């Protein structure tokens, strides 16, 4: 947390569709990152943005050292994110930083690395109705939400969704076209946690929806590290107990088994 | 499974210590891979070996397509394993192949990728006593084992062990010097599963121990894919239900939310 | 397993609706238990049935000692199942027996005891279409199934479903009326495992569906205990290591802390 | 939470050993409940105590409605706790109340009900040294703790420990006599969560240890419900989507399958 006791949030966006499809910036003025920064604006948050085409994708050591929770929106340019930057982001998560992976971030490098899976799923882009059901109403990420809410136009994502076995489902979606999907789940890796949240296609207005923004805002507060532990160093400690003398001649000869 | 209904097993070893430390081949004639191949020999298994210095590390498409369960022993040369080969191994695991990660494979690339973690731990190499406790006696991997068994000389690995949150513990170790460790755990990623098993330092005779070999043998039978499902292709399915007509002017203008 | 190497299956049914609603036996001649016994009939299974009104509900020590996998269908008479019999069933599961809990068994005593939860859910009984999606296609319980299949008429069960946090989802349902539901999940308790499977309302013909029967049959084979471990006895073992002498005067006085 | 924004804590103790063994009250003046109340005293907590021999074991509807976190110490009188009171406690946990189960509460009715298991383990009561290792240093329950700490005199609890498969291990113990044990783990059931913590034998001074008290205090703050959701009512909702007309003649005749 920052000195002023606020949560430091960095919103990362590949910012690619914004440059090629005018509909995106019509729906999301300022790009997805700029729009989200405005929507999530709150006195307890220090929000900044970063994009793919900045030096080091805008995710320098300094930026990440001052980030409590990172939001990630990517789709067309997953492969253009440099491995060295993904290494750095992953290490910060292991150290305690939180991650909110949004929509098509399900196939981003960082998502796949944390899950250990391919992130594959089925999809259909016709703008159909999605109904999101809260399956763990006690979770702080869904505080203040109704049992279910709807998005009138969304891309469909369908099961089977290739995610880690410890993905804890918080939200499951019903789609007008006939599919289901684990749309909100949490995961812990090292000392940090992530939350994946499905809605947010670049040409549908889901980030205008108050419930969607509430979920993301709740996730930011929940992902903030409760306290900072020192990440363990691999080291050779002295023994804590007396170790009996060993007859290494026997060991070396492979005789004692 | 092979045509003759046997389980195809490939034992991979980096085979580095064998070339620089004569004690290793004294204890394990034929190298760790060769020794394990002999110890695990059984009528229901087709066993072959592969090593780091072979072309493609001995893990060609053809070899992996004919491998039901892969054993992995690595330590000094984790960084020399090419990313493209690790990609291939990971894809085969997602497709259903089983993996037994042995001892210092806890920091191999494939182990870290499946866990999504660093694999870090504490360690001490003085040849102390380890007692392994079975914490889930009903698991097929520990069939036929006593409640606990001992290894007189082993390297110590200690907690905290940086592994995935869904690591299901089967065995937990007690060390003479005062530490504890989750020495045996399973994990599923995609359609395949892995088992990590701690013992097996190159200069201690643990692979001579009948219980250690029994665990590895059980793991091979348990990791064999029960049946082969087609790994899901990311695709755009037609809708299964009728989707109501949409007024996309409104969507594009961001008016309907 | 029985001496003839077959799996011993006991199908338990409360057999209450069968006596009051003629539609039930029209759809399921012989009652739900009798019908399932016939549908599941196979050379590798020894199937018997048991019902609520038999002495000890048909679940004597002898019956359960000779049961590898128990199927449970109950709805109207959960409260009439005696606690002592539920204790016995639960102990056998802890010892390794498998359980298939069907449909409205989600509020049976044994289901709630294994989950540690209330088993609550939303429901609607209008005979709507259900589409079941396989979310883990590699699991033996869904071997041979398509990615999804439909039941034209079913009762709706909807989230939130109050189940244990380690419920591993294998199947998630989509309902015509707009809900989603974790329709197939596994759980381990002690040495035994359970599988819950949603379809099977008494006045809809779901047990005539070949995919439904295949899932139940697969579950029986998967739940069969791999091998029998002795359930641990709480006991006072001698120490395995030398324990240093203690000065109990200090302990008793609460001085050494 | 109470009106004054404090966390309402109720410390429950069976208070049996205190009456028959003078050593217990020598070490723990005021009984285990009274001693813990004093040690945990803090401006942000409203602490009260309750014991077995009070009417309704001191756990009336009113008391539980005003309890955010319940501590439980029991051993000799598990069977004397009335089922109706355990029902009530379990329902409050499902509604969001937190539970800290201490030491021999591993075989209390409420512990076994939440786990769905027997709670069995091995034990030895000679007052040996226990070393507790933190296996998830990022968890708020172990905030401020060293990597490991010792208790010079404790009862031994040993694996296998019969607990739920989703028990998330936070602390694992090493014992002087040669055993290991999952000494601290969390679990969610319904909307509430529990934390089990091993130390605290009635004739050893573990509750004098500052680290033990810190863990219990941290657990209380972590278990406090983040916010109160309404526990779901089982009900029959109207459909959210239009359900196509059904031909029930076919259904009743079991023809459409």
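For clarity, chains are labelled A, B, C and D in written order, and residue numbers in each chain start from 1.
By definition in this document, contacts are C-beta pairs under 8 Å (C-beta built on N, C-alpha and C of every residue); 3 or more make two chains touch, one makes a residue touch a chain.
Computed from a predicted structure; not experimentally measured.
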item	value
Identity of the chain that, by mean CA position, is farthest from subunit C	A
Same vs different contact residues, subunit A with subunit D, by half of numbers used	same
Chain centre separation in whole Å, for subunit C relative to subunit A (CA means)	35
Chain centre separation (subunit B, subunit C; CA means) in Å	31
Where subunit D touches two or more other chains at once, by residue number	131, 137, 147, 158, 160, 165, 178-179, 188, 190, 232, 240
Touch list for subunit B against partner subunit C, complex	96, 131, 137-138, 140, 143-144, 147-148, 188, 190-192, 225-227, 229-230, 232, 240
Subunit A-touching residues of subunit B, taken from the complex the two chains share	23, 26-28, 91, 94, 113-118, 120-129, 152-153, 156, 158, 160, 162, 164-166, 176-179, 187-190, 203-205, 208-209, 231-241, 243-244, 246, 248, 251-257
Residue ranges of subunit B in contact with subunit D within the complex	131, 133-137, 147, 158-161, 165, 168-169, 172-175, 178-180, 182
